[in-house]
Every structure is written in C-alpha cells, then in structure tokens.
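Shared chain: subunit A. Partners: subunit B in the first complex, subunit C in the second.
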Partner chain A sequence: MSIDTPAKVIPAARKITTKPRVSDQIFRGIVTAFSFSALLILSLIAIFLLLKGFTTFKEQGLGFITHFEWSVTQDEAGKEVAVFGLQAMLIGTVVISFVALVIAVPLSVLTALFLTFYAPERVKKVLVTIVDLMAAFPSILYGLWGFFVLMPMAEYWAKLIQKWLGWIYIFDVPQGVYSRSPFIAGIVLSVMIIPIITSVSREVFSQTPLDRIQAAYALGATKWGMIRAVVLPFGAGGVVGGSMLGLGRAFGETVAVYSVLNIVFRTNFQILFTQGGNVASMIIQKWGEAGKTEISALMAAGLVLFILTLIVNFFANFVVTRAVKSGR
Partner chain B sequence: MSTISQKPSVAPTRPWAATPRDRALTALSVALSILATLTIVAVTPMKGKLAYFFLFFITWFIIDSLFVVSKSGSKGVKDSLAAKVTLFGGVIVSMAVFSILWATISNGVKGINLAFVTQNMREASLFDPIGKGGILHAILGTVILIVIAIIFSVPMGILTALYLTEIKGRAAGLIQFLVQAMSGVPSVVAGLFIYAAIILNTPLRSSTFLGGLALTILMVPTVTRTAQEVLNLVPSDLREAGLAMGATQWKTVALVVVPAARSGLITATILGVARIAGETAPLLFTVGVFDSYNFNPFKGDSGTIPTVVWAGLMGGTPESIQRAWSAILVLLIVVLIMFVAARAFGSKQPKR
Partner chain C sequence: MDKSSQITQNGTLMSENQNTTPSSLSDVAAKRAEAKVAGTSPLGTGLEARGVHAWFDKHHALEDVSLDFSAGTVTALIGPSGCGKSTFIRTLNRMHEFIPRTSMAGQVLLDGKDIYEPGIDVTKIRLQIGMVFQKPNPFPSMTIGENVLSGIKLAQLKVENNEDLLEECLTRAGLWTEVKDRLSAHAGGLSGGQQQRLCIARALAVKPKVLLMDEPCSALDPGSTLRIEETISQLSKSMTIVIVTHNMQQAARVSDYTAFFLSDGGPGQMIEVGPTNEIFSRPRDERTENYVTGRFG
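Showing the complex of A and B:
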C-alpha cells in the first residue's frame, strides 16, 4: 500500500515545446519594435522633407537641380517670383569634397600603413589615440581652427600653388583674393575625414592574411615589397570604401564649411579663388532671412542632400563590408 | 641532463635588430639633413616653416638613400623611402591635431575666468570686455540637451543592438544596413527634419526638447554600433549557461548578458554623447539662441555652448571671438574628459 502511493503523485511528463514563454514574447516584441526605429526615423525624414519641399519641386521641376540661380524677387504686380536652382551648390559640394579627398586619402593611407606595419608599439598607441581624438572634435572647432589658424597658412600655400601651377585653369585666380576659398574649405574637410578613412583602412590592412605576408617575406620581399604585393591589393577595397564614407561626411558638413568659405551662388571651378559653396552651408546661410517659399526650397535642398549622402553611404558600406569580410 | 633544462645564459641574438652602426648612421643622416635644410633655407629664397618641414624630409630621403644604397641596393632604397613616407604621413596628421589642440588652449585660456563659468550673458553682450558675463547658462543648456538625447537614444540604441546580437531576427541584415545609413545623415538634415516635422506642424516652438530629438537622430547610430560590438564580445558560454539553467531568454539577457557588458554599454553612451556634444547646425533650427538660464526644456529658446561659439564667431569683434575660443575650450575639455572616461570603461573587457 505504502509502495503504491508515490507512483500516484508522479506528475505527467512536462510537454516539451519550443514555443517561447510569454515573457520572452514580450521581450522579443519590444526589442524588435525598437529596432525598427531606424527605419521609422529615416522614412520620416524623407517624408517630411518631401512634404514641406513639395511645392518647390513642383514649381521648379528638374530646374531645381540644373539651374544655378537662387532668388526671390517681386515683379511689377508685387507678386513673388522665385527661382531656385541648386546646380552651383551641388557642383561646389563636389569640388570641395574632391579637394578634401585628394588631400585626405594619401595621408590616411600612409598613416594607416605606418600604424599597421612601421610604428613601434608605443608610438602606435599614441597615434591611434590621436586619430580617435580627431574624430571626436566638434565640427565648430574645425571651423574656428580653419578660420583663424589654417587660413593664414593656407593662403600662403595657395599663392605658391598659383605661382607655379597657375597656368592650369583650376589653379588660376582671377582677382588675387585667396582667402575663404574652396581650397581652404577642402583642407578643413580633409582634416575632418582623415580619422574615418584612416580607421577603416587600418582595420582592413590589419586583416591581411598572415600566411600571405609571410609568403612574401619568404620569397625575399622587403617590407615595402610585401606591402605593395600583398597588403595594398588586399586592402584596396577598404581604402575605397573608407574614402567613400569620408566623402559622405564631407558632403553633409555644415558649420565648418560655412565658417571658412565665402558662399557665392556661382559655379566656380577655380579652387583657390574666394567663392564657392556647398548645399549644407547654403541652407544655414539662407535660413536666417528665408520667407515661406524659400523655407520650402531649403527643405527640398535638404532632401537632395539627404538622398545624396544616403547613396554615397550605401555604396561605401557595401564596399567596406565586402572588403572586411573577404579577410575572414 | 641538467645542461638541457638550464636556460641559456646569453640573451637571444636578434639579427634583425638595429646594430650600433645602423643607429649611428641613422643619427648621422638625420643630423646631416638638418644641417642641409638649415643651409638651403639660409641660402635660397625658400623660407618659412613650410620650407623647413619639406626640405628636411626631402634631404633626409636623399641622404639616407645614399647610406642605404651602399648596403642593400635599389630595393633597399625603395624600402627605406616607403618607411619614411609613411612616417611623413603620420607626422602631418599629428601636426594637424596638435595645431588644433594648441590653438584652442592658447587662445581659449585667455578668456577663462571665474565669471566665465559662473555667470550668464543677461547683463553682458558678446562684445563687452572679457570678464563681464559668462556661459554658465550655455553649459547648463548643453547638459539638459545631452540628458534629453540620452533618454531617447540610449534605450533605442541598446535595444536595436540587442536585436542585432541576441534575437538575430530575419530583419537583422536590413536593420544593420539602416543603422549604417543613419550614421551618415548630415547634421543639418536632422535639424531641418525636426523643424519640418514638428515646428511647422504643431504648436511646439524651438526648445531644448526638440534639440534633444534632433541630436537623438545623430546619436542613435553611434550608440547602436558600439553597443553591438560590446555585446558581441560577451562570450556565448554565458548565454548558454543562462539558458541551460532554465532561464528564459529575457532573464538571460537582463541578468547575464547586459550586466556582463555594462561597462561597454557605458562606453557606448559616452561615445554617443561625445559625438553630439559639439553639434551646432541642428541647434540653430531647433533650440535657437538665448542669453540666460532656461530650465524649462519644453518651452523657449536656450543657450548652448556650440551656439555661443557660433554667435561669437559670427560676431567678428575681438571680444566675441575671444569668447568663442574660450567656450570651445570648455566644450573641448568636456569632450576630452568623456573621451578618457570612454577609454577607461572600454578597456574593462567582460570577464572570460
């Protein structure tokens, strides 16, 4: 009798299930919902800028991209006549960013190579901190530094370039004014994007397969021979991707460019001459005295800038991800 | 037998290390190039720091190549050139950073005094002599702004990172891509967006709250990416141990994974704050400028350090520019402290 009793209280076997508990379902639900905030924010940005800039897109049509005039005037009847065209600023954005890349890419690649293959451990630690610190500087600091410290030096450099290379159209200066030029804005931007390009390049360089490096040394390569034959071909994708990430940053930079650049609505390829512009700083410049129509146009300009940086970033991330993955 | 187990008493030879002769040659070539640079600058019309800098590197390349070519031929020359050119790149980059730091400190320190950090600008204008008025209102405004941005972006960023590392749902690839895309949003666009979405559509006007929202857009990607890296470092044994003890995923994450990554998550927050602390452009659209204290985050313009710097720079008089330098020095010190703190927390790896 007493032997039977325990058998009765053995519970039925627990049903084994893969269904998550309620607490887990709530947890997963909340986390998943929050993870879509990025999607929500990005689409809200696009929607609201499009809504507010819609009238401009409708009235200006394709001319918003291809015209190079930006004015709100009144005709004889007192009616507002608005012509908005971004062409000069778009070209200005590309010109400045191009100058920045030309300066920043070689310096960043050299620094990344130095950090990965040449620097002694102690120097490396310091320099890595310096490069990380550069990325944390506020952009207004770059503006201030660019205006008061860099500009006097860069004007002198610009005069030298004009003196020796002035026969090339883009280095010519028509009126002898060298301050606040796209060249100087480009240098400031290059300092801002060097940390981005350096850190991406360094990451890719450091993933070069060790067996290939040792194979090159075993074949009698010098360090430079090894870098040229193994590291650079391997890391090229990372350098390109990093440069494009930097380009995305350069496209969208506002206050640093506004501080050092003389923003003039004219298409200007002469990088040493004191006029230029980019879309972001133009928005800041026009914002102060903008009326209702102009605010709509500035929203539209913001949307163009947003889409431009999204495209550049998309390609950049694609290239970087592929370059980093191929090393694993 | 004992001879085998004994350690060799001589230090291991390192045939690749520099011999005293190599060191002497390096020192000699540097000395010669300095001499040559000084001579060239003195004799030719090339003058200035720029000339010193480039001539030194060029003469160093040449003189050192002459030494190397005797020893290792043209391949050796290329090799030593490459080493010097990469060094050259590193030196230029560090010079830029030191120039920025030096300019900020040497210019900013002149305007720092007790009044500058304990008063507001109510009774002083940017153009008054230094010593009258300060930026305490702007410091407090920036603090409020940062707190608001933290309140929104840290939960958002960490939960997104948890989705990417713990749940790894079907949308993980898409989310990862979107977070990367979001990190490229220009700051001016973030400001424009808040203006377009809220100020133009609702009765809310510019305030620190809206500024915090704009900065959230810029801060979330930084927090997410750093938090994701940190959470990936948490050993999967810990997760498996938690699950094997019969804990639900929720309990494992809340009681094991997140505590293990705590210091890293703090780093993520600090890096996010450092990213946004100096943002200026969005504030011009969403927070405005104000010269005294405003503790109500939902109503009224407010002073912030970046806009003080901006106003000082645009003011253009020596006094206003001095104030801009001093304010940026205060901001830079704050950013540097956060940077150091982030490194200190970040170096604490989760225990293995």
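Showing the complex of A and C:
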C-alpha cells in the first residue's frame, strides 16, 4: 500500500430542512396553542393557589402538614391567633381512598375480566355503556345515594365487622357511633372509581396477545388458568395504572365525601368510627364561614391536594409506561 | 377411502421388508404393524380425521378432509397459502373454535374416541394433543424453567421430580445445553429459534400423544430450522406428529407421509396423501405433481 493514498474524506452531515406551506404553519400554530393551553391553565391554577396560600405557608411552615389542629382564635389583646394543620385531613384522605381501592380494585378487575372474556357480545355492549355512564354520573347524586340509601345498610355491615374483627385496631369502634365514617365514605368513593379502573383494565386485558392465549389453551389450560397465566401478568401494569387514576379521583373527591363523612380534625385510623377527614371536603366545609386568614389556609390546603394528586398521577403514568415496556 | 387403504397396504408391505431396509419409514411401519397386531400400543392408535369441514362465519374454508395419522408417524401437510391446511390442523385439537363465529363438521378421533363429542373435557384433549405455533410464543413473564413447566401448572398435574422433567423436555427439544445455566432467566432473552424450541419443550412437558406443528420454522433462520427438524426426527420415535409446512424440502426431510391440500377458489380440499417419497417422486394427481415440482404455488 502506497503512503500517498489520499485520505478518506468524510463529509459533514447535511442539514435537512423542510419549509412547510403557510396553511400548514397556521394549522400547526393552532394545534400547538391548544395543546399547551391545558398546561397553561394548570400552571396558572397552581400559581394562583401558591400566591393566595403563601402567607399560610410562611406562618405555619412545615406544621401546616404535620399538625392536626385547625383553629382561628383571638387572644386577650384581640389579636388573631391562627393554627392550621392538615395532618388529620391528609391521613383521612389517604385512609378513605385506601378503603375505596380495597373495595373497587377486585370488583373492577373481575368486571373487566367478565366483559373481556366471558360476556356475550350484546351483554358486553350494554354493560360497557352502563359502566361508562357510572363515570359520568354527577358526584352529588352519589353523595345523596350514599347518605340516604347506603349509610343505613353500611352501618349494619360496620357493626358486623366490628363484632367479628373488632380485635383488629382499625376495625374497632371506641364509642358506638357508626354513621358518617371513613368506611362509608370509602364505599361511596369505590363506586365512583370502579368505572375508571374497569375501563382501563378492560382496555389492557383486551390487548393480551392472541398467540399467548392460544399457547395457554393448547397446553390444556382452563379459561381461568389461561387468565392467571397470561392475562393477569400481561395486564397487571394496566390495572395498577388504572387504580392510580382512580386513586387520583378519590383524593380529589369533594361533594360525595362531604355528604357522608363526619369531618373531624383528629387523626383517625379506625375506619368504622364516625370521624375522618378529606382535604377537599374540608375546604368545602370551611369555605362559607372563613375569614381572610382562613381563606389563605384553605388555598394552601388546595395546593397541597393539587400536588398530592399530581404525584399520584405522575406515578400512575410511570407505572403504566414501565409495564408496557417490561411485562410484554 | 383410496388414500387410507393405500397407506395400510404400503405399511404392511414395508413391514415385511423391515429386515432388509432399516429406514425410518420401515421402522414406523413396523411399529404400526405391531400396534395393529397387539391391538394397543403405548402411543395409542393415533389420530384420525373423518369428513372434516370448517367454516369461518359463512365462508366454507375446508371441505371433507379424511386423514389417518397413525401412531408414531410424522405427517406433513403441504399446499399453497389459503388451502386450509392451517385451519385443518387447528380442528385437530379444537383450537379452531377459539375464533369467533367459526364452525366445523365431521369427526376427529383420538384413539378411536371423538374429541368433539358433547360433554368431553376439552382441556384434557388438548393435554394429549399438543401444539406448536407458527410464531414462537413463550410466556414472557415467566422464566425459561417456568415456561417448560407451565403446562404442568396450568393443568394442575402432579410431577414427582420437576428438575428431571425440565431436563428431559429441554433435552428432547434440543435446547438443554444452551439454557441449562440460565433456567431462571426470562424467556424473552432467547433467540427466535431458541424460543421455538422452548415452546416445543413446553408442549412436551405434559406428555402429549400427538404434537401438532403449524409452520414451526417459518419465522426462523436456516440454522434454527435444522435444529428443529432434528428435534422432530427425535420426537417421532415416541409420538405422532402432524406438521404444516410451506417448505417442501422440509416436508421431504422430516415426514413419513405427506398430504397435499389445495383450494381451487372454493373450500380447501385434501387432494392426495401417501408416503412422502411417493408424493414427491410419483404423485398420482396432476395438481400435486405441478405443486411439488414448483410449477405453481
């Protein structure tokens, strides 16, 4: 090989551009603007809450999340003394939502399995419509139904649970009052989030690869065996994601919970007992008679709820995308 | 009934000559002849399709197919696309009915018993008639070992020693040496050919009498194809195999008998069946000859 071989010339990468037509540019602008408007509205709400609640955050500090008192009093000099702590409400929100999930997830998964693998075509159509309708149902109606219809029955169930499982702390009732408990609020919430979890689960179950389903059947699996071996592992991520979406709704639910829950600023894990909390319902409850200081505190509470819901939804997205990548 | 009598005649003929020509075909024929004499064989009496028709909704896809798959033989189903051979193989273990709005007529007999009989436990049938699909379909959420034993678990069978069974099935499928050190790895990490052999091992674990293979090599490279063909020859000693293939060389290499399917625009029909070497060297039907010599299809 000779020494004076010309060096290989590697060209720089060309810049590739396209100039869209004006009509395309305009449409692009419209689409972009609208899609960012959602983000804009969301951030504006967050900023609004932050500004309004700023004084509360400054005065209460971390105590706003860790304390469980909520009072505005006047000292001898007539000066306003405000103590705001969300702890009881935050824990209450989680407790109620957890009760709701425990009831709703199994029901929803079984419903989704029925709709996907067992229901005849016509039954399926009708049921899917009804379940979707459940999601669009106004929450005040759930609240009224919960108060007038569900509560008397649920009190009876609560008494039964207390009688047999009362030795477990969370099922014990210190004083014999069973109405307006986190348990009842949880049931109402569960009915509200069932449609969300059901439709997400149904969607993922129906995407189960046919070749895997056939593989299981060809190995002599029963339908239930096939579901356990193929459908549930495949759909698990989707079920978790759907449950998280349901949880997001449960966190933020206001009116329905307000109608059936006795909101008390005391941290309570005894779900059958008549006291509990829920940030959103608390805001509604305090709103009407709140002074200027308290309004700021309620705004701040709103922001905390907002962030909590955002975290749950973010986590839900994360779980769903991960499940899509790995489990398949 | 020309074809089945032809097979029998041929089988008898071959079994008489078995000492002089110890080819695999004569082994098979000998085995069948023995079974006929004894009345029973550990392999059963095989699988038999009688007058099978199949429909997709109103579309008549398969018309009046009768085929006898004697125990311990390998039968290849060949024919151009859309001739109904895949549909036919799926009627043999009742997978056809999983597609909505399908129907079938006729009988499929396993050891002389109709698998479509009302009241029969179809999951038990599918345990005895295993299937390997066109596209490798291991369960990705399970490990390699779990995949092999998944049929045992699904059918709630009791096995004395899982480890032994695992090794046996993977060895028979020709995969053991490649995966023995990573049985707890996920099956998704295997190559396509390995996945397909894993699917064969999985099908073997429940000890089927019959193994149906629906174009098992069509998604694989030549090397993997060769491995699977070796596997098929090994397996044919202990079970009845029916294989759908688009590859005529493959049919010639692995099968004892070959059945040619064709659709003339109407429902698919079985044109001709016979010992593989006869179908490829001197077919009786002109259409078969055109196909195997590559003049169409």
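Heads up, the rule we're going with is that the second predicted complex is superposed on the first by the 301 of 328 C-alpha atoms of A that agree within 3 Å, B and C clash if a C-alpha of one lies under 4 Å from a C-alpha of the other, contacts with A are read in each partner's own complex, and residues count from 1 in each chain.
Throughout what follows, a residue touches a chain if its C-beta (ideal position, glycine included) is under 8 Å from a C-beta of that chain, and two chains touch if they have at least 3 such contacts.
All values reported here derive from a predicted model rather than from experimental measurement.
Once the two complexes are laid over each other on the shared chain, residue contacts for A:191 go to subunit B alone; subunit C is not touched.
In the superposition on chain A, contact of A:164 is made with neither subunit B nor subunit C. A count of residues in subunit A touched by subunit B and by subunit C gives the higher number to B. In the superposition on chain A, A:212 makes contact with subunit C only, not with subunit B. When both complexes are overlaid on chain A, the residue A:225 reaches subunit B and subunit C alike. Judged by the touch definition given at the top, the superposed model places A:233 against subunit C, while subunit B stays out of reach. The interface of subunit A with subunit B overlaps its interface with subunit C at residues 222, 225.
Residue ranges of subunit A in contact with subunit B, taken from their complex: 20-21, 23-24, 26-28, 30-32, 34-39, 41-42, 44-45, 48-49, 51-52, 106-111, 113-115, 117-119, 127, 129-134, 136-145, 147-150, 153, 156-157, 191, 194, 198, 222-225, 227, 245, 248-249, 251-255, 259, 280, 283-284, 287, 298-299, 302, 305-306, 309-310, 312-314, 316-317.
Within the complex formed with subunit A, the residues of subunit B that make contact are 48, 50, 72, 75-76, 78-79, 81-83, 85-90, 92-94, 96-97, 99-100, 103-104, 107, 155-156, 159-160, 162-164, 166-167, 169, 171, 174-175, 177-190, 192-193, 196-197, 200, 217, 220-221, 224, 248-251, 253, 274-275, 277-281, 284-285, 306, 309-310, 313, 321, 324-325, 328, 331-332, 335-336, 339, 343. For subunit C in complex with subunit A, the touching residues are 93, 95, 98, 123-124, 126-127, 130-131, 133, 135, 137-142, 150-151, 153-156, 199, 202-203, 206. Across the interface of their complex, subunit C is touched by residues 209, 211-222, 225-226, 229-230, 233-234, 327-328 of subunit A.
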